[in-house]
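Below is one structure, written out as structure tokens; the observations come after it.
Per-chain numbering from 1; labels A, B, C and D assigned in written order.
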């Protein structure tokens, strides 16, 4: 019982960051139909920005977070304008491969600049965990969970309450019609990619201090983000949030009660099952596939 | 674009050929290490250690009147590439002996090439027992496979009064091998083996495994992982309030980095290691250890890298001793000479003993194994 | 005309080991060739049915493991004292078994996953490959997990009346890979020019219409998946017997990425595309190795990929074919129009 | 009494709460040309989708040549010789006209996989026959000059013809045409009407959905009128023209035009 409680708490903390990763990707994937292989590298980038600001510039942890998020936003915008905008109208495989090229080049760039040795980022939270009965959780992770929740709410409001969000949703439904209605589709794409990227960078910036920072850290994160997006349905923010928690739950329980060797397999098995029985994801909203 | 690259590379190839002809006055040693990909950090450490040894030897006048030249190639943490690199080093660079290839699967992929070209390789890090038991007479290993480590640990176990242990190991040949060999040894000692949990090589969150271990009635956890994962495990174990004795194995654990990054979480953990850079006076070759550590610091490398890089240093010194003994830089002679050397390595005497099927034995050296403890943020030798 | 070019290319490839004596380059050509076979099989799915499988390495890896285990033997406890014991068979049997079992896995994946398309199919295939990798990693009794399968024997071919030939040297292996590649090329070429291939193309272009004229979606796509997986399994088998050690790293995602790069840069849906893309991206690292540091090699690799796609978004072969005026009509499938004209003449 | 090819019995289709077709009953006899008309949203295309297996009806049954089509997949229905065309995307845009027709020939001359790959005599012969047949169909439909152009590059009207050609290639016993003349000019439409009659004379039964009233009136043997998912009239063109319910149904959108059209053709 105690073990189960601990697993559930772990799931909450892990699920929050998975959700953050997932919504960034689901926006890009859903609205732009781009299989975005740079998502993981933006996660890595956010973590390194955090490292630079905290350790090399010596600034405060809480100053570093927004800096990393804005840097992710900028890098996302640059990637969209230089690599994706010229290829608008090319098919999904071509843009995917360009993103793969960017991923390979940028990851090797990170290795070149910062080396392969993992970096650790200091945080201002106490080392001793918060203990409630049989359950214990570190303060840093609690902070990460709340920060993630805040960012998720912000992103949700942005999409659902603002004019930009409305235009994004219109573009998702039908980009041609949206263009006819006077939506600047180019601008929407750039904004979408930048926002998605900044969320990935935010996830990296939050998790960098929890884990360690190294050039390949984004690869596993990216695969999980893809899984979450598919579980939740393309372009579906609520789905991505729930998908993030489902994946975290599956991993925790899989490792806790099945076999830790198959921990990562759990998420993939769920995806296979979901797609066999409900091919448009658990929370499909739109019919558009592919 | 492509045409330019091809043209450029053709020129570069030509230059490479010319320069290899011009520098025939050096003795080449091939170094096959992962410099990009998953193991980039470790491979780079080993290469830096190897460079220190080469520079030291060259500063003292080189070998057989010639300078040593390290031909360093990146195997991209990929077995196919490791085999290709071996092919290049042997056939194109004509290196008569090699050092490599860090990970076990990388080394195993190189091994058929060694037989094909009858060229020896000194294995500095890989721990899979298969490397020296599958009948490849061109392999000489200076790192301890897990059964050697387990045998060394056997003498210590009684003093630690272990009753029941859980394992948390990295899911590769190294972790699996450790769990297998250590639990076999411990069972013989009457110690109960509890859980054997694994984690993926790239995993960052081990909370689930740790929560499971937290719930068992064992008092000790044996952990095998590289330093980055260890750091995370300590942090996450502390966050979960896991209060069990932790013993790490494998010799790559790098207590300094653990102290620096895991802080208080690392206190009271014990580490089986093969090298003691913190107390050079207690190593088998204090003079060389001091030299190596000073040089390492002088070059501005992370002190934490010592526990990985010393293998590169020892590896090159082993090879150099063999070349010296052989009297010529030829593959067959070097291979024979490797059997005859006795080098005072940083972690013990490097003397190769026969291992594997008769007639085609591989060489295995048996380094010292130490148990250290982190206490109050300092590393202390555990008196045994 | 096109046939002559194909034959000339084949003759050129066959002549390589005669004038190229550098074993390092020959080794690079052999491993590249093995991945080109994998890329050709991926092209059958991606280029001719439009289904992007990012888990293609699963079939390659399954082929490698099946072939290696067939020739090494195994003893796997299933339940209690019940064991499945397999005595080693000749490697050539492993090669054919690899094709059959990989093909069967292709059938399973095809049946299960063709109900989803586009992005969803991509993720199902990635997931499948990851699950297979984790099984290979954790089913230690069978696969030895991370401890790797070693000492895999070389392929042996029995020649009636002439005894056995062990394909151990690079010279032998080069021709073995070339032969398998040529057969795969021929097979795929015949398939896509038959009415099966037309059915695949129809599904890719307009599925609703294809169905309405009586094309069975599941059957057609599953057929493509089976043949594609079978060929990938053959490539995996060649890999296992050439490198002679395999571990769960053969399922690495980056290997799928390599194959996708070969197919899309060369030109998906063009028979020669994966070969051209494969030669470029298989040998690019070899040429980059001596001229720049390791990290820069990877950066260049990524940049070259981006540049090729910016200049020729449809891939090298279709773009060049269009430039050289091999076909007259505009649109995206010029090369294949030329092909079908040629076949029409042939049959007339 | 003529032989019934297709009969629709009490078919209803509901999308959630929305009733697309409420209770549809009609039949088509062998050799007939029947038109299904009705205002936009009356359920015509939905009816086509039900008949060809793209949609499963909520209630009722579709019988074709005495067989119940329930549970049959679209390609299985096509295999029975019931072939349809589409309103919007009627061709394989990235293939030549000739290849389009070849794809339509898919049902014919299926040969074994091994035969096809190895190029055995039977496969060669079958392939040759198919190519000859495709060439003949392209000629027959009058697109010889454009045989090697990509179908996607053709005019809208020509694409319609390609669509019909590839449907014909599938050797239909019955052909369902979904708005075949939309986008055609008057002379093209006139030629197309001739084409439909020719097809019928080859023994193919035809059911068509069309908005072009003059065309419908001139080509149909019988007309079925749908409105709001139910049949409001059925009969030969002369009867439908005078039917007050039909005129009423069209009043909503363009009643006057319909009345005018109907009057002109009276």
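Of note:
One rule holds in what follows: a contact is a pair of C-beta atoms (placed from the backbone, for glycine too) under 8 Å apart; a residue touches a chain by one contact, two chains touch by 3 or more.
In this text the structure is predicted, and so the values were computed from the model without any measurement.
The chains other than chain C, linked only through touching, come apart as A, B | D.
Farthest from chain B in terms of Cα centroid separation is D.
Measuring from the averaged C-alpha position of chain A to that of chain D gives a distance of 48 Å. Centroids built from CA atoms put chain D at 42 Å from chain C. Taking each chain's centre as the mean of its C-alpha atoms, chain B lies 73 Å from chain D. For this pair, chain A with chain C, the centres built from the Cα atoms lie 32 Å apart.
Within chain C, residues 137-138, 295, 297-298, 304 each touch two or more of the remaining chains. With touch defined as above, residues shared between interfaces to two or more other chains in chain A number as follows: 108, 111, 219, 261, 264. Multi-chain contact residues of chain B (touching two or more other chains) are listed as 36, 171, 198.
This structure has the following touching chain pairs: A-B, A-C, B-C, C-D.
Contact residues on chain A toward chain B in their complex (touch as defined above): 2-3, 6-7, 10, 13-14, 108, 111, 115-118, 120, 127, 129, 131, 136-138, 141, 207, 211-212, 214-217, 219-220, 251-252, 254-256, 260-261, 263-264. Within the complex formed with chain D, the chain C residues making contact are 187, 190-191, 194-196, 198-199, 201-202, 205-206, 208-217, 223, 328-333, 336-337, 340-341, 344, 347-348. Those residues of chain C that touch chain A in the complex are listed here as 46, 52, 112-113, 115-124, 126-128, 130-131, 134-135, 137-138, 253, 257, 260-261, 264-265, 268, 293, 295-299, 301-306, 309-310, 313-314. Taken together, the chain D residues at the contact with chain C in this complex read 52, 54, 73-76, 78-79, 83-86, 89-96, 98-99, 102-107, 109-111, 113, 116-119, 123-124, 127-128, 130-131, 148-150, 152-153, 163, 166-167, 169-170. Against chain B, the residues of chain C that register as touching in their complex are 22-24, 27-28, 31, 137-138, 140, 145-148, 150-151, 239, 243-245, 247, 249, 252, 254, 280, 284, 287-291, 294-295, 297-298, 300, 304, 307-308, 311.
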